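Structure provided below as structure tokens; questions to follow.
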Amino acid sequence: MSLTFTNIVCGYGDTLVVKGVSGQVQAGRALAIVGRNGVGKSTLLKGLAGLLPLAQGQLIWGGRDITGSALHTRVAQGMAYTPQDNVVFAELSVAENLWLHLDDRDADRYTELFEQFPLLARRQSQRSGSLSGGERKLLAFTRTLGLRPKLALLDEPTEGVQPENIDRMAHLIRQRKSTGASFLIVEQNLEFVSAFADDVIVLDHGEQVLQGALADLGRERIERHLVV
Amino acid sequence: MDRRSFLHHTLAATAAGIATSAFAASPLKVAVLIPQSGPAGLFGPSSKACAEMAAAALNARGGLLGRPIELLFGDAGLAPAESAQTALKLWKGQRAEAFIGMHDSAVRGALVGLFKGQVPYVYTPVYEGGECARGTYVTGETPQQQLERVIPWLATERKPTKWYLIGNDYVWGRDTNAAAKGYIEKTGAKVVGDEYLPFTVDNFDASLARIRDSGADAVLVSLVGGSSVTFNKGFASFGLADKALRLGTLIEENTLAGIGLGNARNLYASSGYFANLDTPTAKAFAADYAKRLGANAPTLNGLAESTYEGFLMLEALAKKAGSLDVAKMDAVAQSSTYSGPRGTVTLQNRHTEQDIHVADVTDKGFRVLKTFAKVGAGQSCKV
Amino acid sequence: MDSGTVLHALNLAYELATLALTTLGLAIVFGLLGVMNMAHGEFVMMGAYAAVTVQQWGLPLITAVPLAVVVCGGLGYAVERWLIRPLYARPFDTLLATWALAMLLRKLVEAIFGRGYRNVESALTQPTLILGSPYPVYRLALIVFTLAVMAGLFVWYRQSAAGLRVRAMTANPILAQALGIPTRRLASQAFVIGVVLAGLSGVLLAPLIRIEPGIGVDYLLDAFFVLVVGGLGTLGGLFGGVGIIGGAQAITSSIAGQTSGYAVVLMISIVFLWLKPDGLFSRR
Amino acid sequence: MAFFRDAKPAAALAAVLAGLPWASNDFTTYQIALFLVYGMAAQGVALCWGRLGFLSLGHALFFGLGAYLSGGVLRAASNEALWYLLLPLAIAAPALLAYLIARVVFARSTRSGPYFSLITLALTILGFLAAQQWSGLTGGFNGMADIPELPGTSRYETLYWVIAACAVGSTLALSLLVARPIGVVWEAIAQNEDRLQLLGYATDRIKALAFAGSALLTSLAGALFAAHQGIVTPQAMGFVLSTELVIWAAVGGKASALGPLLGATIVGYASAELREQLPYWEAAVATLFIGVVLFLPDGVAGLMRRGQAPRRASAGQAKPVRRPFAPAASLALAEVQTGQSGVRILDGLSLGLQGPGIRCIIGPNGAGKTSMFNLITGRLPLLGGSVRLNGHDIGGQPAWRVARQGIGRKMQVPSVFPALSVRENLGLALWAGRAHGTDLLCLATLGWQTPLLTDILGQFQALSERLDNPAGNLAQGHRQALELAMTLLPEPGLVLLDEPCAGLSPAETHHMIQAIQSLVLRIGAAALLIEHDMSAVDALGGEVYVLHQGRLLEQGPLAQIQASSAVRAIYAGGRK
């Protein structure tokens, strides 16, 4: 299953933030969208996930045009989206956050993920509101992978996460890629991205200023668009 | 509809038709204030029917003072402010010359303040007594009237020793129980409880528990409408119905329907009128009511019938005074009399002396056990 | 234990049971979904009239249950779809629109059944002897049934995620949709279940209470105060609220009469409303 | 000139009411008088709900209280004339009670959630119970009867003129108030209360005052009701009348002075007439009400109002307005800690600045930049350390008190008053700290000017061209300019700007940076600016603070920051 998006234009009300971005994510590959704050990365991902209506552009997933389909129908089609903030139901416990949307109770959705992130297993019964910013991101990441999606859309998954957990996240992504899953990740952390990404799109002021395979572009060229 | 009653029916209709056309005089507008909304709204339809029957009856015998009666209805079920509004509209706006009122005491207070004795006003429902305003005539039963003879009668029949009094926390509930205390003590029985509850209450367990603990073998129920229904249902469900008799002065056919016949064992009602009174005039009235309203007629009850009595009182007073001027009517009011479904009724000190009946409940509804003729209202208004 | 205290205990249990049953529907609609449904009492009333209808048709009382489910469910779906959904972001307007709906429902029932009191007979309301003092069997059945329903609900609520999903959706609709929860359909289901439960409580209480079109308001206010005091969104809150409100009303009434009982309930609710204003309606 | 424009609705009402007695019999005037009384009470509800955005479901409490108190005074005065002196007190007492209730309730949470409606609902039911139970005082169920007429009036003739005069007076007062600055402040509370607090307005007190004013109007209506009816019963204080007042305000139009009078008269008259013919007039009212709530939020009056004429200052000269705050400020954060629901956001942040000039704050997402501003302006609790402005501690104070000490803030997402015009948005900022006492009540204040305002309008041509457009219609760039202007106009000593260039094109960013530099320099304020666009930070040239995980990582000129390996690491994706 591959995702192709062409000439995506979207924004909020009459202000268009993303002005024509195209790209593709093949099965088993990972595409990273990088760029400084406020360039429209999150807005693009929201458009792709079905959270924001697209002013223009087309979305083909696994051969089917899903441009207008609603956010809540995407999980059934194998796409899982994690927003940038408000990523947990603060009032509910960690366990409730992990299970409330699942109908089956098969535990091995999370066995491997709990091994990687024991703190989540330890604090299962605690209110997820009591987790730190980074721990909440970890919970969201675990829950998304728990859905075993064919394509995961993650919005800055490493923000505030401890370095050793970031490495484990990269390891898990590589592992899931080997089983055929694909990833589309918005991130500012270049080190993390270069640990698993195959292709990169660099955004600036809502436009594609650079794209291609990570190996061809090389880190320095990308970094110039990010660094202070 | 067999031939005979058909003939009878058309005759009555033509008679009425002829009668009205004979008058050249202008129609006499009588305003009838009955509850068409609010908690007492359930009495509206039956009261309206009785008022229409009264107008037809009066018109059939020459109307009032030679003028045909035209009815104006006003809703007195709302707050006193709105009801007074409606009354004023009928009085000043549409020139009503007399008022028949079947509504609660708060509205009566507002209307008496509004009329100030400038228009005749007949107040017909059961009430707490004490209304002596000029131009006001009360046909409704007072607590003294409903209890003075009935309590001693019950004392001889069922020999209760301990009475428990319960009522809604407003003037009618309190005055009824106050009057009852005197009569009860005169029979040698004791009053073991005296309790008042707001209208909002919907759970009487605490009171029923107190009644059970007090060992009372007789309960005076001075509750109104919904409170009376809920209390009596609870009373029976706790098995108290077999331990203590109940006497109510405002339990009429509607309330009984709410309580349910099964929950009305040992329940006595004291009233000036029951729908199944078997005097000839009462039977004719009930038959005409049924004929007029057909199968699903609203239950005929004492409060609705009282509007009919109000018209008869107005007719008697107007005939005697020769006019609807309050001063003239007040002058001749004392001991004016008329006879209707409740039998002969005589005006004494602005209130009426009328027959009072006490009934218990069988599987077919109320059954009148005893009738006390010409019971005084026990009021001290100087005319 | 003499029969006096038993009777008092049973009376208190009956008061708490009726309060819990009539509040249950609103606990879902207002507690989980956050919709201020001022027509809750009218759905309870319509449940009671379902019992009146089946008895008029000469059918056994139990057939009132399916009738209430169909009537309240159908009406609930339509109300959520055309009245509540357009107003989700405007709590004041939801409050007013459902208040107008309550007036409309009262008038509809009045048009069909008239304004007179209705009585629902049930053989079970006759008394049986409990430790020597007669007590209505129906009430015992009601208390036991309510305990069973509450226990079952408690277990179900812990097991199934339905209650969690509604609360999650109310707290963070975007995230809920991201996890595949169809928020529109869930909101509709939750509202319909809430009003059906209200209707069923009306059916159960029909033989015990006075039945007339205007009884809805009392059940509405009591239910709101229970949820305001007990806290929203959890079954523990529901039980807590029922305990505090029911207990305070029963105790104060037995000491100082029913009016002060009702006044105490009002004062408690005002204090709780004041203490946690945001906690109550913090719907982001 | 403006006075007549604002007085139009009241004048129209006066004309209609003056002509009415001749056009109809004296019963209709008596009936209309009652609807006017109910209309005035509904105006009270509409003032709080339509203007300030909080709904009182218990206004009958003040109506009933006013009626009972005035009824009691009138009855006592019939035999002892001195009592008449107490009549104004009888009308004012419910307003005092309303003020206390609102102050106590809003002290806990300023947001106007539905909890306030439920509290007022419970209070009015309590009032109803008390009126029924204390029959000694209130006459209980049968009510307080035979209340004499107002001295010198007769209930069925001349009292109508007194009521009509009060109705015209209340409509005039409301129209005038709404056209004045206080009206702008009220609508601002309904639209964006948080933003108004950041300008230094104590919104909970303003709401309490408005609630007291609306209760005064409703209590006056109650007093007239007592005189008009001659009897006051518990229903005058009950739950049913409260909901009817809300229905009349909604149907009539809660956002207009005349609307509620219209609503009370239409629904009142219709139901009085319909009651006999249409058996289910209540069902008709309910259906009408559902229609209004769903499709006609502004009610009947909303339909009639063409475009509301924008508020205009009286032609008077622009009063020279002095600067409220001392220039140049010092800010010292020492080991500051804050957090929310158990999560530590700032963890021992220490940062200080002294004197005028622009400094930038940079750092990756989640470093706590915006949270620092939230802490300073009282939106996050101070859990440790201290925050000092010009040497004295401002930790833990409410947002409006912090603002009044000379701190201005521009929000990360531009926060303006969408339904108010650009001129009114600027006016609110201009009056902050300058308008005292009755300034908010006179039209001249609308015309206030300051040299800074002229300079700002000069720099942002787009704003001066759209002064009378609603702020909500502005594009992102213009909205950022407007909020910047609103932050600077009070001329605070310390200016906190959160991503002023977010969402702007490169050209707009360049223009914004230039404007910030010149304006901050002009008012001699100290400024802290959160920015991601490094070209902007470079252009500003001031000190740069780098925040990371709730602490200060690095401080110094931009060149030194760019050279620092620690900063490069956290930026380019090294160790986070």
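Each chain gets a letter, A, B, C and D, in the order it is written, and its residues are counted from 1.
Methods note: a residue touches a chain if its C-beta (ideal position, glycine included) is under 8 Å from a C-beta of that chain, and two chains touch if they have at least 3 such contacts.
Since the structure is predicted, the reported quantities are computational estimates derived from the model, not experimental observations.
Distance from each chain's C-alpha mean to the overall C-alpha mean is smallest for C. Farthest from chain D in terms of Cα centroid separation is B.
Each chain gets one centre point, the mean of its Cα atoms, and the points for chain B and chain D are 55 Å apart.
A straight line joining the Cα centres of chain A and chain D is 41 Å long.
Centre-to-centre separation between chain A and chain B, using Cα means, comes to 78 Å. Centre-to-centre, using mean CA coordinates, chain B is 37 Å away from chain C.
Residues of chain A in contact with at least two other chains: 90.
Within chain D, residues 129, 132-133, 282 each touch two or more of the remaining chains.
Counting only residues that touch two or more partner chains, chain C has 259, 262.
Contact between chains, per the stated criterion, is found for A-C, A-D, B-C, B-D, C-D. Residues of chain C that touch chain D in their complex: 36, 83, 86-87, 91-93, 95-97, 99-101, 103-104, 106-108, 110-111, 217, 221, 224-225, 228, 259, 262-263, 266-267, 269-270, 273-275, 277-278, 280-281.
For chain D in complex with chain A, the touching residues are 341-345, 362, 364-366, 475-476, 499, 502-503, 505-506, 532-534, 549, 561-562, 567-568, 571-576. Partner chain C is touched in their complex by these residues of chain B: 39, 41-42, 44-45, 169, 195-198, 200-203, 205-206, 209, 212-213, 225-226, 229-230, 233-234, 236-240, 254-255, 257-260, 262-263, 298-299.
On the chain A side of its complex with chain C, the touching residues are 49, 51, 70-76, 80-83, 86-92, 96, 99-102, 143, 147. Note for the complex: chain A touches chain D at residues 14-15, 17, 36-38, 90, 129-133, 156, 158-161, 163, 166, 188-194, 205, 223, 226-228.
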